[in-house]
Structures are given as C-alpha cells and as structure tokens.
C-alpha cells in the first residue's frame, strides 16, 4: 500500500512522466512560530508582553519540467493566514494564494527566459527561501526595502570568467505592482538588473541562496552582488510593495529607484551575509489635486544588515545580526531603528527539520525600545 | 525515487484504489495572460494603453469513481485571484475556491443523475473547459448570458436514434443563486433543459466540447443544441449570475427566461461554433417599496457569437470570431456592442501546452471603441 | 499508468519515505448538504420554507510521521466556503484555510506533547470528526459551548489502571483566541484539562471518537469524561470562540469557566452519547469606559445533549437526539431551546460513503418554533 517515496526533505513526490515528458517534485512545508514582545513603557520598563503563536507559513511547492527539460516551471502556494493576507480591491478582494507561478525556458546555452510571477532579482535575503533562513525570520531591512515578487519576465545569463570565477546577470521587466494583482498596471513598469560575482566559484549545491553554512564549504566561497531597480511612475509607497498612493484624482505617480549591494561568504561552518539598501524617489509626497498632502509618502531611506553564524559539529548554530534602517525622517516621519539579534538554531535534518530561536533588541531613536523573543519549528517534506 | 506517472497532459496522478474500489485522476493547469487595451479617446485616437499581466487561471482537478465505476465524481478547485474572486455576504465573505464538486451516478442504462455544484447544461461555449478554448478567452456573449454553475441536480440521458444519430437530453433543477452560495435559496429555483442532436455521431473523443478541430475529424461532425432556462422568482440581474437585486424591503423577485441555440461543426481541421442567446424577464426593474427604482435591472437582451478556425498541419491555428451583444437599451441603458477577433494559436501539445494570442476590435454604438491584444500561455498536466 | 493505491476510505496516498524517514497519508473528503427549514409564523403555521443546498465541507487531510515514528503530525485544510469562513481583522482579513496544523511528540512512554493548532481536549461531540457523525451535523449544545480549536500545547498521557480500565489525562495551555488568529493573544491564556475513564477498555479501533456503533462492539464499552476549561481574561463571548467583546477603550476582559461532562456507550450496534455543558463568567457584561453596555455579553448558561442509535444488519441506522440549551436569559436575553431530532443513515462504506438524513423540531420558549429537514451525502477517500 505504500509508495516508494523520496527521503525526508526531498519532497512528498518525485514524479517523472511517461517517456520523460514532464516531471514534478511536490513538496510541503510548515512553520510554527511563537513570539513574545516587550515594549518599553514611559518609565523605561519592559512589562506587559504581547504573545503571539501562529502558523507562520504553510506552503505547497511544485516544480519540474514540461515537454522538455529545458522548459521548467515552479508553482508555490501559501496556505496560512499570514501567507495569503493582503487582499484588496487590487486583488479582486481575494486572498493572495499563489506565491510563485513561473515558467523558465533555457532557450539558448547559458540563457534562461522566465515568465510569470516570482521573486525579482532583488536582495539576497529575500531570494533565500523563507524555509532556509539562518534566523527565525528576515531582517527589518528586507521588510522595508525588498522588491519581493512581481509579474513579468526575466532574462538570466551566466558566464565562467575563469575556471572558478562565475558571473551572473539578470534583467527583468515587470508590471510594477507586486504579486496577485488583477487590476493590471498603474503608472509605468518596473525594471530590475542584478549582477552577481562569485570569484571562487559557485557555493556547494547553490548554497549561496541558503542561510548558514550547512554544507561546511571546504574552501572559502564568496558572492558579491548588486541590484538596481527602477519603478517608473510607481504608485505604491515602496515601489511595487507597500500601500497604493491614492489621491482625489487617481494615483500619485513617481519614479522610484532602489539599490541593493549584498555579499555572502561561507567557509567551514562560518557564514556571513551583508546587505545595503537605498531607496529614493523623484517626488515622494502624494498630493491631491489642490496640492494638499494625502499622507502617503514613498518610504525613502537606506538600511544595512549584517549577520554571521557558526555551525558547530553538533549541528547547533549560533548567529548574530545587526540591522539598521534609517528612513528619511523629514519625508517619512519615521525614527531610525537599530536591531540586535542573537540566534540559536538546531538543524535536526538541515533546514528541513529544525528548531530556531532568537532574541532581539530593537533600539528606536526618540521612541520606545522593544525586546522580542521567538521560537520556531520548521518541517519541510 | 520516481513514480511511473502518466504522459504529459494526462494528469499528475492516475490512481486506482486497491480492489478497484475507487479511482482518481489528479490534474493541474495554469494560464499566464497578458493583455493590453487601448480605449478610444474623445479625439477618436487609441492612446494610453492599459496593460495587465496576471495568472488568469490556476486549477486543481480531481475526477474518478468511488465504490463502483457507475458512481463517479469531479472536484475542481481554483487557485488564482481571478478564479476565487466574488466573495460576498452570500458566500460567508469567503473566496469561492470550489468550482465543481459533483457526484455522477449512472443508475440505469443511458441515464445519469448528477448532484452537487457544477456547470448547468447551458451554452456550449461555457461548458467547454477554459483550458480547451479556441481563442484566449470566451466571448462577450458568454460573459453576459451564461448560466455557468449552480448547486442542484441534473438528469442526463442519451439515445442512438440511428446508427450514428445521437440525441442527448439534460434536465436540471438547481438552487438558482450560482456557485458557492452559503445563504441558501432566495426566491424560487432554477429549471434548465437542454437537447443536443448529433446527426453524424459523437465527435472524436467527445471533442464537441473542445475548441478547434485538434482531432482533425475524418468525416464531418455536427452538434445542434438548444437550452431553455427558467429562473423562478430570480433575485439576481442575470438569473443565477450577476448582482443581487436588493431593495429596501428585501429582494426584487422576477421570473427570468433564457434561451440558447448553439451549433458546433468540425471537419478535417476546420471548426465552426455558433451561439445565439436571449434573456427576458417578467419585470426587469428592481423597485423599492415606494415604487422607486433601485438601479438594478435584469440584463435582458440577446447576443450572437460566431467563430471558426482552421488548424494547419504544423499545429498552428488561425481563427476568427464575431460577437454581437444587444441588451435592451430602454431597460439596461447599455449600448449594443460588436466585437471582431482574430486569433492565432500554436498547439505544442494540443490544448495541454499551447500559446494563444488574439487581437480584438470592439465597436460600441454611441460609445468609445476599444482595441485589445492578448497573449496567453497554457500548461495543463 | 496506475499506482497501487489504498482501498477506498483509507486515503488517496499512503506514502512511506525512503529509509522510513517519514510517512504521509493524504486523504480527501466532501459533504454535500441540502436543508429545508420551516419557521412558525404568527398564526402558528409552518409555511414558506427556506431551502439551502451547499458544499458543507470539503477537506484535505495529511498525517504521518517525520524523522521518527515518535514524531507525528497532522494537517487539515478546509476548501468549502463554510469551512474557510470567519475572516476578520484578527485573521489578517484572510480566509481560515487551515483547520489543524499540529506536531505530536511521543517523548516518553505513555506521554505525548502536542504543539500547534488543533482541537482542544473539549466535549466529545466536537472531537469526533465531522466526517464521523451519527447525525447530519453536531448539536446545538456543541454550537454554543464547544472549545473547538486553538493554538497551543497539549500534554497527553494514558495509564492502564487494570487489565482493561484505561485512564487518560490531557492538559493544555493555549492562546485563548481560537484558530487562525494572526494578531496574537489578547487578555490571558486558556487552560484546559480533560480526564477520560474507559472502565471496559478502549473501544474497537478508537471508536469512542466516532459516531454510531459501526464496529458492533462485542462487549459493552464505556467512556466517562470531564473537561474543565479556564479562559483567563477572555475577550470573546464564548471564551476562545464567538465574537470579540470590543469596547471604546479596547476589549472587555473576564475569566470564563467552561465545564463538560460527557459519556459514550456502545454495544452490539447500539450507541449512546451524552454531554452536559456549563459556562460561567466573572463579569459577563462588556462595558465601555463610562460603564455603558456595549451589547456583547458572555454566553453563560448550560446545555444537555443526549443521543442514541441502533445500527441494523443492513447498515441502516436509526438514531434520535434531544438537545437542551438554556442560556442565562437575564444576561444573554436568549430563550431556552429544546430540539428533538430523528435521524436515518445508510452507511454504504461505513462513514466513508454514507447518506444521512434527519428531521428536527426546535421548540423555543416564547419564540417561533422551527422544523428542519436535512439530507447529506458523505464521500471520504
């Protein structure tokens, strides 16, 4: 009665169609999270914790090829309330169930053309799957600056500059409104370009896009990368993310530039990841027809995220993270924030079955500081 | 690690339960659509295109039998935002995730009894799966007049009048409110009857309910059919579809009649499909208790859709479509519309992997005309 | 092309991972319900029936173990509009798709630790799966008093007091807000304890948590149990269920106690189930800061449910149910209700393929009485 299934962490099913006409790996994963947050009160004390336990993410993933191994696809669905939240009139008032739905065509040598909805070639922290993070969740920098997903096309190419030195280039044109939008494009499109340099070659098993050094790289590996994104006549406060900037005549439209510089380094259990992000806008202030402010502004500013960890032989990992987010206060009214996080992870079966916990101290200039403790269980079939 | 799976386009899984106690074919499909629309401005120019790229449909399908091959079932789920839209207080404010959930019982000879939620025996264009269309999407006639899905029962029967001549009769009683309604019936039920005549026999592989002549029928095949639908004391502007006609005392209730006459012809790569639709209502105007109009009216009128295509040996198909929708202007205030569409399709693996594109010109009497270009990719496992 | 699948009712897939590193049973089920309700009018007549046909439940279930047989999991997803309803600002305005998502760890001998979202150790009628009910649906008592699901942990233990006498103890600490909440805890947590006594041993195949005596117990089997639940500083009208008691200053918080006493008895086709429920609150009235009532009150009161059935050799079952719900009228303004139900079930393949029908008479003190007829089809793969 029992099928000969893959080993744990390699998917529920690994299907190969008759005559090798298609394949599908079907996988599922789930994160159970509990977090407790103490916010500094007016006396400077940390009392009255806020507790939250939830199914943070629950996902179904399908990937493989159709017709030819050169034509592959990926479909990822969210099931948890956090995964599918964000419904609005721009999404047909329906939950945002689909994360990725993308076709990838290796049409010529080292070139691939992607079409559909998927992550843009943005900051490394976002592109790393939420199931492969080094800490319980992504940093504040990512929350504020990420390009996340959009509907469009991507042209991807890589070259071996030397025996080991790999360079990758990604260009993307996308709708510019983010994922699961049914009302189409407003303003202009979004253009992204990313350049990745891997001077010492690719990481073991593509591990540059995975948290921690679980492969324990035998020689030092490095990726240096930069992304530039231009959202022409953007109508949302974070480019393709954030809130729609509605006015009494329609939508405020302005060009938004975002720059990311990021690096990943791994060697022998040690891992480092760093990101710098910068967002600017031609006219950050949404105004009504009479010139009055609507209250929505483009979230211009910059951020820095640095994190490192060491994986012990026992598959326990200690990690630390420093995040600085500094929005332009004159424009956004937001205070600069610094967050310090200490993490501890036990990888029972790599990222596929793990328990992670972290403690963060958030220091807000001219605002109440915050302590946060989180505990998360990951199971990925 | 790999299961012996069906060939491409025949489902992800073809399961047969132990002792043949059940079966299940599990299939998935996805449509990626981009469309660009130019609307005529006051100077008669087509400028300022509206662009929309989206996951048009993403579906999971389950069908097979339970207990006995005479007791079959179908379950179809929508995943994309367009698929699941339409939530309201009548659907428990929840997305409309389930498309079909129906049990089909072949209780006696050529008779079948269906129970559950599925497409009514309405116009051919609707009953053809959205994955098997000849053009990128269905016509304006279907959008306006279709019966679509409802919750209820259907009695189906077929007879061989001669060696080749097949006649099919379908009768249905259903709730009359459309799919995924949780608040139950308002007004009366909905009664549908459909008669199908196939003088030259069934199409190759049931292909009368599939767009284009992908089977390249060796002899001419024809289906002539008519559907009559009566929605007693209907409370929505299109019978079981459209908007609820709420008044200050409850709901406006009126009998709505809908008639469809349709035909399909295929021979040697050539295909033709034609539909005529007519809707009438006893009292189309929703009024409040004091006799004032609420603004909602039954969408009475008629429509005509004619389309034809030719499939070349290379599996490229050229097709054309003419659609006329003429609602009663005195009642609905809507202008007559004529739409002319030219389509081009490349069937890589039949309807299972195809690229379709079409260009439409919409001519609106006393209104701005419209040009629309669409490009769609279909993948059906 | 066809996989060697389980027999009907045993799941769609029974997967065992390579090297027995995991397992998964994947199952699906569906309920098609039609109900007709006649409400007594002012003349004491039962006219103008309200008819409702819907997909009552449609579910996907995954369960098995990961890493070690001692670490098991369960995931249950709802698909129907009734299953996923209840979206609010407390669920990220997203449908409540996930029913269960729980990890169960047999960490020591007869002890199990559960973590995640699942049913609390509450009244037997709730813990019995909606797919294994004796009548078309659960009683009014359950609707009013059930603890249902919550996010948290449970400690479970069992002992054999004698050769046959089994005692089970369950302790639970949970968030106290119910399922799929993304906004975290308000007020205090929720504490539940349940004690189960099975003096004549466990029922055949764990059948104490299944409706009817489909196993036709060869010797009399009995379970006596009690649950006590304390929701500290609860903010909802039914503890972790019901409506949030919002006030002009935040939320009304009060301790809510719930007690259940229940019993199940089965022998040779005869089955009996009884439940008593009692809810009390320290301060049932939600008030604004000026002392004015908000209108929300804790639903304090008690209820009794008694039901019995006999399964004939032909797998037809006749059953009856009496339910009394008596909320404190001074507090809630609700009239006492008595409901009498007569049920008839045909178990074609046990609970996996069955047709159930019941007729209920609801007698409301000082209110209109009600008749209800229901017919339901269940299919569980």
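Letters are used for the chains, namely A, B and C, taken in the order the chains are written, and counting of residues starts over at 1 for each.
One rule holds for everything that comes next: a residue touches a chain if its C-beta (ideal position, glycine included) is under 8 Å from a C-beta of that chain, and two chains touch if they have at least 3 such contacts.
Note that the structure is predicted; figures quoted are calculated from it, not measured.
Undergrad: Fitting the CA atoms of chain A to chain B, what rotation angle results, rounded to the nearest 5 degrees?
TA: The rotation relating chain A to chain B comes to 120 degrees.
Undergrad: Copies chain B and chain C touch; is their interface built from the same residue numbers (over half shared) or different ones?
TA: Mostly different residues: under half of the interface numbers shared.
Undergrad: Centroid of chain B to centroid of chain C, CA atoms only: how many Å?
TA: About 38 Å separates the centre of chain B from that of chain C.
Undergrad: Hunt down the residues of chain A that sit against at least two other chains at once, touch-wise.
TA: 1, 3-6, 10, 13, 18, 95
Undergrad: Touching residues of chain C toward chain B in the complex: what are they?
TA: 1-8, 12-13, 18, 28, 30, 32, 35, 50-55, 58, 79-82, 84-87, 95, 348-349, 353, 377, 379, 381
Undergrad: Which stretch or stretches of chain B touch chain C in the complex?
TA: These residues of chain B touch chain C: 1, 3-6, 10, 13-19, 21-24, 26, 62, 66-67, 73, 75, 77, 91-98, 101, 103, 115-117, 151-152, 175, 180-185, 189.
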